[in-house]
Every structure is written in structure tokens, then in C-alpha cells.
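Before I ask anything, let me first share the structure, which is written out below as C-alpha cells.
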Amino acid sequence: MKPRRKITGIASVTLLLSLAASSFILHRVDQLRPQATLDEVLFLSSPTVIQRASLGYDGLMACIYWTRAVQYFGYRHHYHAASYNLLAPLLEITTRLDPHLIIAYEFGASFLSPKPPQGAGEPQRAVELMQYGIQQNPDNWHLYYDLGFVYYMDLRDYKKAAEIFQQGSQLPHAHPFLKILAAQMAQHAGEYDTARMLWSATYENTQDKQIKENAIEHLRALRVDEDVQHLQEAVTRFGERTGHLPENIAELAAAEHLPGVPVDPDGQPYKLTPDGRVEVRVPDDFPFATMGLPPGYTPKPTLRDYH
Amino acid sequence: MSPEPIMPSIEILGLEKTYQVGFWRKRPKQALRPLHLQVEDGEIFGFLGPNGAGKTTTLKLLMGLIFPTSGSARILGREWTDPAVKAQIGFLPEQPYFYDYLTAHELLEYYAQLSGVPGKLRRQRIEQVLHQVGLRDVQGVQLRKFSKGMLQRVGIGQAILHDPKLVFFDEPMSGLDPMGRREVRDLMEQLKQEGKTVFFSTHILSDAEALCDRVAIIHKGEVLRVGAVDDLTSSVRGKVEVIWQGSQIPASIKALGAECHVTADMVRAILDEKHQDAVIDALRRERLRLVSVTPVRTSLETYFVEKLRHAETTAGSIAGGA
Amino acid sequence: MKTSIPHIASNTFREAVRDRVLYNLIAFALLLSGAAILVGQISIEIEKLVVINLGLTAVSLFGVVIAIFIGIGLVSKEIEKRTLYTVLSRPVRRWEFIVGKFFGLAGTLTVNTFFMAIGVFAALFYVSHRFVRADALIFVALYFIILEFLIVCSLALLFSSFSSPLLSAVFAFSLFVIGSFSEDLRNFASMAHGVSRWLATGAACLVPNFSAFNVIASIAHEQPVAVQLILQNTLYALFYAAMALSGAVLIFEHRDLK
């Protein structure tokens, strides 16, 4: 039995060492690769070719591509990447393989049109994706909502948005808020309440965690924007009344008869700069805020960009 | 180096094999009970038993193709798993099958390489072996074109190719025509002449009887008896069968220790050869009509059948000489 | 000490040749010459691109299919046909048998790839009438393809050491597909938390990683390959094959040959 036991021992040790070594090298290769070769997540970028190549297993392939799209976005978003070049093709392939995968359109509406690092900055492709979705699923009001959303938020085309919401509201099972949104577009375009309503609707109507989180971030940012706008007006009033700027935010709050020092959605008090600007304490916590940020502030990308 | 010239070729020390059978609920199935056996240097040893008795299991254990549940063995004085042992033994499996894309020459060349036959000896050795097993004109013919008997000959050839000290043959005669059997017998005799040890399994007893110095009888994974062919058959040897008409058994014949069976109008008695004359005298005295006197067939087969029947009736409770 | 590995390897190679495995070269040659002629008529600019992409992809896929279909039978077929009895009753240790089989198959594939490579270069010459420096990159792609074969061979052998040919084929082919998507698995692992992270990381280390070997597309665009990547890929392939072979040896070493 002895020679056999020896070989068993040697083979076991070799197995474990090789496993450790190959895992280690795999890690190194991964670090090496983006520099060595182009990102080839999409070896094939034509949806038609992929559809042919999937040999009729479109559903499964759609799931694979959908997972890839989510991972691709999640991974790059995590590192505040400055571009998402593959997001649009991935979503296009996914929806071509499975045109009824509504979540993919929703995802596209939320992340395809906003500017980087929050999205791919491709509102036109988002619109095309939604239009394709509507063409494939004409009875699904969600897609009208998503399309209107893109027109409103990123293209700022309120007239078009109103039109789309109106169309959607006429579908058999459409949610009543589509009608309200359509009406809102005419008079209150660009107001915080309208945006809040849209984001709340997004939050409530999606199952996707990432989309939900994104909606919450936007709602938080909306509150910051609104607060800062009001406080900034108060600062101006204070200056007009007294001829000088308030010392700090507490003085401003007292002058305005506020119940306490105003705080941001995280409970951090707003601060007042010596030149009279109202700012949030931690700008990085509000990636979507457009106001209350230090001059020239941009969120720092941590992932190197290869495109 | 043992000073003893008669070191045993094979010593099997309680080799035992239990398989786990069944897919869901595993049940143990004992293929071989603890086996003890010793094969002396230079003898032809027959391993006899009906199909499924455990002959092939034993050979596969010895060749290291399967692993024993317990026990060990020594071959040519070394631990049986020692790779050095394998260079000195030859093995013919039951119904051998070879790489059928090779010719006999290529196959033997490959096996000679594996057995470490030096390069310059190989060609000569291959020709010699092919001649020995009676394969002529097979140059360039792939083994897929070979008949069963020819494959058997190739199998024997590969087993003796590297001039081993000890050969194991599993059913060497199977698939051979009468001429072939004859030739294999002669070959085995020749191997013995060359001083080699031959261990072969068979269920054909006449082969064993003609060739073997000693045999072991195995049944249901258990060795029933080991011994020289003469010793095993002595209990049924030297007897005669006497048949006479009528149903009467004279007391004088009974006294001789005859074993008598009465049928419709005949009596059949089996007794020692030496009492033959006394019985005939007794029958003449009683005026009984003698029908025949024949010597009982003194074959291993008789012994074998008797032994197996006995084993069946006692449900394998025999200790098996161990 | 003498070893049987080269003898077993060369016999494995001989078996593959006698089983007419190299006939795939004819199909390959037809495919490639057909493509070269057709592409030449369609478009002038991209014909080189198509020849390189198609040629190297075919080299890779043909090889993987051969590796799997020979590899899965290497051990199990010998057990089933009992040809192994007369081999293992000789001074051949079981691990030598496995390693010899591996080298035999790897050798077969290397020879096969060599002939296919000639075909690719011939087709390339046919469409562009000359070779440029960047064409040397094709050697890197071919080298990576051979590394990939080493991994596939070792896996096929591993499965063959305990499973029937049909199941082995299914296992090996699934792993090949999973291995081609293994990057996604690792991305998932880096984003997951808790138990699923551990599981995904473990799985990512166990399944082969083929994505780093596929440089065909970038080579077709004449993008250079980092020397570091060549080095690391070599090491990875060797260690991975060693791991799978050790597994095969461990299993085979304890197997009863029915």
C-alpha cells in the first residue's frame, strides 16, 4: 500500500498548490487585462448575430445579457466610472433577445440618459430603447412612463413628455398618476414637486433594488436643492435687511424664525460660507444634488477609464 | 536474496474484497473471502472454480487493478504493489481486448517498451513470441481484423513477451479451437520447463488435470481445497462399479463396505478395487447374474462436482482449508 | 528511473491519428479557403480581419471539440474495453498513465494546431499578398489557444477518470462554456456579500478562466499583447492543468477497474 499512499500525498499537495497558484495568477491576470486588451465583454455587438447564435435559446441568452448589463453598470457605478459605453448595447441586445423584459427598459430609463458618473449620458439611445419597447409591448403603460420620464428629466422636453404621459394614461390598465403627470407637465414643468412626483412614482413602481436606490438618491438630492434654494433666498433677504451677511447658519435660522438649525436629509446641518453660500457638509453623500455644492465640485472617479 | 532456493512465487495473505452494490442503499457484497494461498516456484498452479467464483477477482487484486478490502500478498518475494514486481510478471486477462488500431507487432512493441525490454532485443523477442503462440503472417494487419482465437494468442504472447518469471493466465484456453488448446498446453509445459511459474484460472477441469502440479478449488469467493491433483482425486480413485440382476444384496458383499443402490431389477455397488474378486465370487455363490464390472472414472471432475455439491448442501460453512 | 510516460503519450497520439482525427484539417482547410475567396469578393478592407477572426476562432473551436471528444474517452474507454488491464499489469504506475495520456492528447492538438496555423497564414497571404510585422501577433493568439487546449485536455481527462464518456462530454463542455463566461462570475463575486461572495469566489477559482486567452479580436485589430499577460497566462494554464491532472490522478489512483 505504501507507494500508493505516497502518490496520493504528492497528488493532494500538487492539487492544493496548483489551485492556490492558479487562483493567485488569475487575480493578477484580471488586474492586467484591461490594459492588455480592449474590454471585450461584447465580442459580438450585433443583437441580430447574437440572436442567431443563441440557437433559439433567446430567453436564456437574454437573462445572461441582462445580468451582464446589471453587473457592468453596478461595477462601474461603484467606482464612479466616467463612461458606460457598453450599457446601451447590452440593454439593446437584452431587449432584442427578450422584448418583454420590462425591467431592462426601466433600467435603461434610469441609467442610460443621465450624465456620467450617474449614467451613460445617452438620452437619445434611451429614447430609442423605450420606443422599441413600446413597439414590442404597446399595452404596457410602464414604458410610456419611462419614456416620458426620459423626456422630462434629461431632455427637458416637457411638451413631448406631456404627450407621452397622455398617451400612456389612455391604456386600459394605466396607473391614474399618468394623467396627473400629463397635466402637471403643462403648468409646473421644472418645479421640484413635479420631479419629486416622478421619482416617487419610479420608486413605487419598480422591483429593482438598484432603480429604487437611485430614485431615493434623487429624492434626497431634490430636497437638498429645494432647501438650499430657500436658504439662499433667506440669505439674500437677510443681506438686504441688515446690509451684511449672516455670521453663520444659526443666525440665519433665528432671523427667519426657523424652529432650529436647518439640516440636510442625513441630519447634518447646512453650513454657510464666509461669502454667503449655503452648502451641504458632505457633498459626496448627494451625488445628484445640483445646489449646495462647493464651487467646482465634481465627484472623483476612482475607476480608470479605458474608453 | 533468499538463501532458500524454493522461495514461494506467490503468497496470498488473507486478501479479501467486498464490493458495495446498489445505488441508493449500498449493500456489501463479498466477492472474495479472506484468501490464503501459496504457489511454489516453478509449478503450474490451477485455480479452479465455476463462473463467478472469484477467480478473476483474485487475479485482478494481484495485478493491482482493484484494491483489496484487507489483506496483502507477496509476489516473487516482494510486496505485491511494488512496481519492480510488475517487470517480472506476465498477465493474460480473461477475453483480452487490445488497441485494435495497432498491428500485432506494434502492440507487442508498445508493451515491450512499457515492460522495459531493451530496444535492441525487442524485434527479435517479438518475432520469437509470435512464432511461439503460432501467429504467422500477421504483419501489417490491424488487430480489429483478428478473430477471437487470434486475439487470445496475442494475449498469451504479450504475457510472456518480456520473459517474466511468473505468468498469470485468466482462462487461457477460452476462444481456442482444439488445436489451439493443444498448443497452449504445450506452451505452458514449455514455460514450466524454462523454470517459470504458471498460475492459471480455468473452469475446464481436463486442462487443469492434464497440466497442473497443484490446484485450488474456489467457490463463491471461498477456497474449498488446495492440493496436488493426485491427492484430491485419491478419495474417488481405485473404485469399481459392480452391477448385477435382482434386488438381493448378499451379506458378504455388505461386509466388504460396498455402497449399494437398488433400482427396479438391478443392484449397483461401488467398492474398492481390491475387493473386486471377492464380490464376483460372492455373486457366483449366491447364483446372482453379474451384468458389469467397470472402474469408476477417476477424474478431478468427479471430485470437483462432489466438492461443490457438498459445499452447496452445507451452505458454505466449510472452513476451506484456511 | 525509466518512465512509461513518453510511450503512453506516443501511443495516444498514434491512436488519435489512426482514428482519423486529423481529418478535421480537411474541413478546416475547406472552411478557410472558402471564406478567403468569398470575403475577397465582398470587401477589400475587412478581408484580412475576417480571415484572422474566422481562422483563429475555427482553430480554437475545432481544437476544443477534438480535445473534449478524445479526452473524455482516454481513460473511461480503456477501462470499459479492458485494454488497461494489460497496461497496468506492467511496470506502469497509474499516475504515469494519466500524465502520459495528457501529453499524448496535448501533442495531438499541438500538431493539429500547427497544420491549421499554416492554413491561416496561407489564407492571410492569399488575401493580402504579403506579411507585415503585426502578423506575428497571430503566433501569440495561437500560443494562447494551445494553452487553452492544455486546460481543456486536463479537464476532459479529469472527468474521464471517474465518469462515463457521455457525462464527461457534458461536464467538459459545460465547463468550457462557463469558463468563457467566468469573468462575469468574478465580477459577481467582487460585488456580492456574505456567503454568496465566498461561494462565487470559490467557484471562480475552480472553473477555468478562458476569457484572458481570447485575444483574437484585438489581434485582428493589430493591438499588441502585453508580455506580462503572455507570462501570466502561461503560468495560469500550467497550474490549472496541474490542478486538474492531480485531481485525475487522485481519483484514478483509488479506482477499482471493473
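We call the chains A, B and C, going by the order they appear; numbering starts again at 1 in every chain.
Please note the rule applied: a contact is a pair of C-beta atoms (placed from the backbone, for glycine too) under 8 Å apart; a residue touches a chain by one contact, two chains touch by 3 or more.
The structure displayed is predicted, hence computed values, not measured ones.
Central chain assignment: C. Criterion: smallest distance from chain C-alpha mean to the mean of all protein C-alpha atoms. Distances between chain centres, each the mean of the C-alpha atoms, put B farthest from chain C.
Separation between the centroids of chain A and chain B, computed from CA atoms only, is 82 Å.
One simple way to say how far apart two chains are is to compare their mean CA positions; for chain A and chain C this gives 41 Å.
Centroids of chain B and chain C (each the mean of its C-alpha atoms) stand 49 Å apart.
In chain A, the residues that reach two or more other chains under the touch definition are 3-4.
Multi-chain contact residues of chain B (touching two or more other chains): 83.
Chain contacts: chain C has residues 93, 254 touching two or more partner chains. By the touch rule above, chain A contacts chain C in their complex via residues 3-4, 7-8, 11-12, 14-15, 18-19, 21-23, 25-26, 28-30, 32-33, 35-38, 40-41, 43, 64, 67-68, 71-72, 74-75, 78.
Of all residues in chain A, only 1-4 touch chain B in the complex they form. Across the interface of their complex, chain A is touched by residues 72, 79, 81-83 of chain B. Interface residues of chain B facing chain C in the complex, by the touch rule stated above, are 19, 60, 63-67, 83-84, 86-87, 89-91, 93, 95-99, 101-102, 106, 110-111, 113-116, 155, 158-159, 162, 168. Interface residues of chain C facing chain B in the complex, by the touch rule stated above, are 2, 4, 7-8, 11, 14-15, 18-19, 81-93, 254, 256-258.
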